[in-house]
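The structures considered in this document are given below.
After this come two complexes, each holding chain A, first together with chain B and then together with chain C.
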Partner chain A sequence: MLLAVSVLLFVVLRLIPVDPLALSVSPNATVEEIEKIRHEMGFDRPIVAQYWLWLKGALRFDFGRSIYHRESVASLIARTLPASIELAALAILVATVLGLAGGLTLFHVRGTRKEPVLDVASIAILSLPEFLWGLFFILLFGVHWALLPFTGRLSPEYSMPAARTGFLLLDTLLAGRPDMFADAMLHMILPALALGVGFSPAIMRVLRSSLQDVYAEDYIRQARLRGIGEVQILLRHAAKNAILPALTLMGVQFGFLFGGTLLIELIYSYPGMGNMMVEAVRNADLPVIQAVGLVYCIAVLSINGLVDAAYSMLNPKLRPR
Partner chain B sequence: MSFKDTRRTLLKGAGAGIATLALGTYGRAALAADKDTVTIAWPSDVPSWDPQQRLVPDAQSIYKAVFDQPLEQNAGMALTPHVAKKWNLSADGKTLELEFRDDVLWHDGSKFTAADFRFGWFERIQRKDAIDLGRVWNEVTDIQVASPTRAVVTMSQAKPTALQWLAFMGNFVVPRDYMEKVGLDGFRAKPIGSGPYRLAEYQLNSRIVLERNDQYWGPKPKVRRVIIEIVKDPSARVAAIQSGKADLALNLPVREVDRLSKTAGLSGEFNPIPRLILMHARNDMGFADENVRLAAHHAIDKQALSKAFYNGKAVPLSMVSTPGTPAFDPGFKFSYDPKLAQSLLAKAGFGPSKPLKIKLATTNGNFPGDFDIARAIAAMWKKVGIDAEVDVIEYAKYFELNRGRKLPEATIYSWDNATGDPEIFTGYLLNPKKPFTPWRGEEEGKRVLALESVVDYKKRVEGYRDFEKYAVEHGATIPLLQSVQTLVRKRDLQYQKYRSGIVYLQSLAWK
Partner chain C sequence: MIALASLDWRAAARSPRVLIGAVLALAVVGCALLAPWIAPHDPEDQNLVASLLPPFWVEGADPAYLLGTDGLGRCVLSRLLYGARVAVYVAVTASIGAMLIGGTLAHLAGYFGGRVDWLIGRAVDVWMSFPPVVLSLILMVALGVGVNNVVLAIVLVDWTRFCRVLRSEVVVVMHRDYIAAARLVGFSHLQVIVRELLPATAPLLVTLLSLEMGIAVVVEAILSFVGMSVEANVPAWGVMIADARTTMYQTAWNIVLPILAVFVTVLGFNLLGDGLRRTLDPRLARGA
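Moving on to the complex of A and B:
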């Protein structure tokens, strides 16, 4: 799967009509000089030869050098990937909590006057793209109420701790700095919320629909007859079964969520891989685009894998005998 | 109290405690506005901490804070001594003598010498380090280090703009010994310069923290610490300055600058800078006829473009240089005259009832207003009988299209020249040997190439001035506007304004 994605990415990037050297050479480079650089970088070779060279390097985690930064792509990714993983993880948590809580609430208020209001609200939230949420939260929480920071990862008075793991939240704890940890968490709230909130309505609606199906089952009626309260029935009996379709949806959505980090990181000046990818696209920095695209693919596959594992845990029918 | 109640209470308390700690921490940070520190919301990151690597206009202000250059420009754009205190360019433009200061220290305490200059301008180029500086100085055949403070540069051909380049992009002194010791990757990770600030912290695409260099040979900055938040999104930069998180923000949308100017405690500025917005033209296809090109130019209401997209702050141009630069002639005007445009088009056999069909290429978002300007021009042209289809291209694609002769008749373009020197305006923009212009007129090519070897400054500037007028009068280029730099700062934050548009971080000071 990864090989197929890498081939697809490689071919597409080489076929789009953009000269990767256009922004990497100085303004007064002559045509001859540009062709010389093209030859040195291998861009004049057949695509298959270029891909083979790239693949050999990629298997050694050598993705070449960034045309724009002239730095190793692998080192650029190593510096930025942990930040994106932390953000995506928090956003997934936000989306999950909001989605599940919202779904349970939507189901709980079914048949009441609140239902259509919350229904419309969930559709409205779903229809706004995450970057608009990003800008809205900056205006509300960053400017109007001035409650939360909206640029970077730490407040200016803090220096980045020693990168023991590369994950800032872990590194602050390992450095024995709970104040820095709290500050880093504060900086992540708005971008994580912007990313997560857009994905939660779909989870809410699927969970609500799934609960409606589950509530038609006999065991729910029997639970009521046994005198179990509605809240207990909802949380301890129905939710466990109803969550499975929502979990499937989450697996698909969270793959997209990782891709959503691009614009959110840009808006929040968050030093993750998404921010770097946007810059790479602007500069036609093909080696970076290629490698980051592959990393995103791995991320999506990993998230799907984790969701499949969670699904197996929750659904006894899928557990190995 | 049951266990559940205890657990619930405990969880609520813990949550409240963490929130209080966090917000309290953030609140303290927000309140403690340090008058020894300036925070700037900056639109782009540096491509690398090797200042000789890339010729990138947006990074110059940051590089100039950390690294020194052989020469500098004053606020009026005139060349001044800097690390080099004296210089002499020979009459034939092939030999440059430089005498350096002997009190320049690198941030690690070691001394700058002429050997460092030779390293940057010759040795690195010879050993083919991937630096753009190499393309600027590829005519250098040797640099003799006559003494620790004296270097003599010999070149294979005349370089009339050698001095201007020494104060321009990429021309920063780098420490030879340190760079050799740590290697290029090591230098980029932990750079040292000799500038008024040292790099204290760097987070890619996020933050740059500079601390004052108290051993600096020149005037010490008044601000001890400069925090540069890399905020690429313009809305976020507006939010940063409006919320007080930033003390200064650059490159904001024009309408936001107007709005923020009315906010108490903030001051908005529109600073004209030596950045051109122009239209490149071809001399074939739909633009083969000079009458058509001149008609296209006469049909453009530049004042209206400035009003519509720059709140009237962008200066309409008739020359390929900006006011205040040496070759600029304020008396030379190319009129907005739609009637004249129509009569010129009629001579070429076109008009509103038989429009000329061409394409107009533009970027979208490469510089403020690029796409809007193209659409507005297309609408102006429609009235006189030119039917232009606006085609959006990526900036990265421009050079490839140009090399393949695939650019359309007209292309909107932007060009920065902090030196103001006419060679770096017209000498680049209309030079057929350089990748910028699609114009292939023989006469213009001959003239601009001849000017490349004129070393006498006065003759060179006069030559370019005459050539610019000629080029505009024959439709070889269509200058549009002088761009403005938009900037919003806290009212009690001062800085020295430079006509070049560079924000000298070392000039920042609180009132």
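Moving on to the complex of A and C:
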């Protein structure tokens, strides 16, 4: 699977008309010098050989060197990936809480006059993509009311703590600086909220419809006849079965959400992988684009894997006997 | 065409969602088509003396610039109207392109099953493991800027949305007796797909098409926001948003208005899609 992804990436990127070397050689280099560098970087070999060379490196986490940063791509990723994971994790939390709460509310008002209103409201939330939510929140909470910070990960008066894990929230705690932890947290509220809000309506809508399906089953009527309270029915009888389809969709959504960090990071000048990717795209920094693209895929696939695992844990039909 | 004609359009037209969605979508399409005639200014004309004017309902506005001007003194209304041209063009062409590729592959996979299904299924898996934003960015690096390259990038990314959903629908329909009957009567593969399968999957197809138009508008806005979409001299909503970020502290209107434009357009397509899904699908029609 990953192999296929990496082949696709490689082929697409080698079709690029720009010369990846244009940035890395000085303007007054001679043709011989350029050819020499081209040879050193392996760009003069046939594409299959280039791919093989890259793959051999990638298996050892050696993705080559960034043409723009003149630094190994692996260390660039090691620096930026934890920031993106941190942001995505918080956003997933926000999306899940909002999605579950909203889904239950949507289900609760079924058949009443409020239903179409709330339903259209959820479509409206869905219609604003996460990066526009991000800008909107900056305008509202950052500029208009000036409540929350919206650039970077820490206020300028703090210097970054020693990177023990790379995850800033953990690092500040490990360094024994609760004030810095609070500052880092404040910086993450707006980006995580923007990303989470953008992805919550899809969860709401699937949870609502799967609750509707479950409530049409006989065993719910049976439970009601036995005199069990509505809250008990919802929590103990319906929720367990209704959460499964919602979970499947959440897996796909969380993959998209990880991609969404790219724009949110750009908007909030958040030094994660997404920001690096956009910068690399602007500078035609092929090794970076290629490696980061692959890391995004690995992230999506592992999130999907985790969701699959959760799915088989919750669904007794899939459990090995 | 037979498949489209067989849909219950009259029921759809009675749904408030479809009506509101269609009105919003048509309004945007109208703006796009009429932009050269109704725009008060050339969208690229700069008037540095009159930069950052507010819209007409705010004090200090100039009646010549109904929605104000941006940091370079360009008319925001005219830029919004011309931006709609890019948005609508991309929405229509990209979603139809994605539907043709994704829909065709879905019907082939679902109809033939076996190896064809396996191959197409794996291709979808590979594609879906890229976050869409990342893949479209990478494609734009390879293709270079330009509105038709944006369309191509969106088609190449989003055909999977059609393929995945439609394939499972085709598999369900394939179990129906009338498909087996059609085969027994001696219909060719093509005849079965076009005359028997397509009418059954058409409601879903139309719904997905409408939703995809909204997605395409968003993707184009994202790409032009990043600067990887249209050429520099073409006004697009994403470009306007990106430009307005630099003057965010002086005035919010410049950034709010194009955001609203994207929102209204996508909301229109989403309402239309949701309403069509409820009314055109016989199984859901009761609850609409």
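What we mean here is this: the second predicted complex is superposed on the first by the 306 of 321 C-alpha atoms of A that agree within 3 Å, B and C clash if a C-alpha of one lies under 4 Å from a C-alpha of the other, contacts with A are read in each partner's own complex, and residues count from 1 in each chain.
Convention: a residue touches a chain if its C-beta (ideal position, glycine included) is under 8 Å from a C-beta of that chain, and two chains touch if they have at least 3 such contacts.
These numbers were taken from a predicted model, which means no experiment stands behind them.
So if we stack both complexes on chain A, do chain B and chain C clash, or do they fit?
Clash: chain B and chain C overlap once superposed on chain A.
Examine A:Ile289 and indicate which partner it touches, taking first as chain B and second as chain C; both and neither are also allowed.
A:Ile289: touches chain C, not chain B.
Considering only touches as defined above, state whether A:Gly227 meets chain B (first), chain C (second), both or neither.
neither
Quick check on the superposed pair: does A:Gly176 touch chain B, chain C, both, or neither? Answer first, second, both or neither.
In the superposed model, A:Gly176 contacts neither chain B nor chain C.
After the superposition on A, what does A:Cys297 contact: first (chain B), second (chain C), both or neither?
A:Cys297 sits against chain C, while chain B stays out of touch.
Now for A:Ser155: first (chain B), second (chain C), both, or neither, which partner does it touch?
Only chain B is touched by A:Ser155; chain C is not.
Who does A:Ala4 touch here: chain B (first), chain C (second), both, or neither?
After superposing on A, A:Ala4 lies in contact with chain C but is clear of chain B.
Taking the superposition as given, does A:Val143 touch the first partner, chain B, the second, chain C, both, or neither?
It touches chain B and chain C both.
Name the chain, either chain B or chain C, that contacts more residues of chain A.
Touching more residues of chain A than the other partner does is B.
Would you indicate which of the stretches 364-372, 400-408 or 454-462 belonging to chain B has clashing C-alpha atoms with chain C?
After superposing on chain A, the clashing stretch of chain B is 364-372.
Residue by residue on chain A, keep only those touching chain B in one complex and chain C in the other, then list them.
Chain A residues touching both partners: 17, 135, 138-139, 143, 266, 278, 282, 284.
In the complex of these two chains, what residues of chain B are touching chain A?
Going through chain B, the ones touching chain A are 18, 21-23, 25-26, 29-30, 32, 37, 39, 41, 45, 47-48, 50, 53-55, 130, 132, 134-136, 170, 185, 188, 200-201, 203-207, 209, 227, 229-233, 235-236, 239-240, 242-245, 394-400, 403, 428, 433-436.
Using the touch rule from the top, collect the residues of chain A that touch chain C in their complex.
1, 4-5, 8-9, 12-13, 15-17, 116, 120, 123-124, 126-129, 131-132, 135-136, 138-139, 143-144, 252, 255-256, 258-260, 262-263, 266, 277-278, 281-282, 284, 289, 292-293, 296-297, 300-301, 304
Which residues of chain C touch chain A in their complex?
Checking each residue of chain C against chain A gives 16-17, 122, 125-126, 128-135, 137-142, 144, 214, 218, 221-222, 225-228, 241, 245, 248-249, 252, 255-256, 259, 262-263, 266-267, 270-271, 274.
Within the complex, which stretch of chain A touches chain B?
That would be residues 17-20, 22-23, 25-31, 33-34, 68-72, 75-76, 79-80, 135, 138-139, 142-143, 146-153, 155-157, 159-160, 178-179, 182-183, 185-186, 266-271, 275-276, 278-279, 282-284 of chain A.
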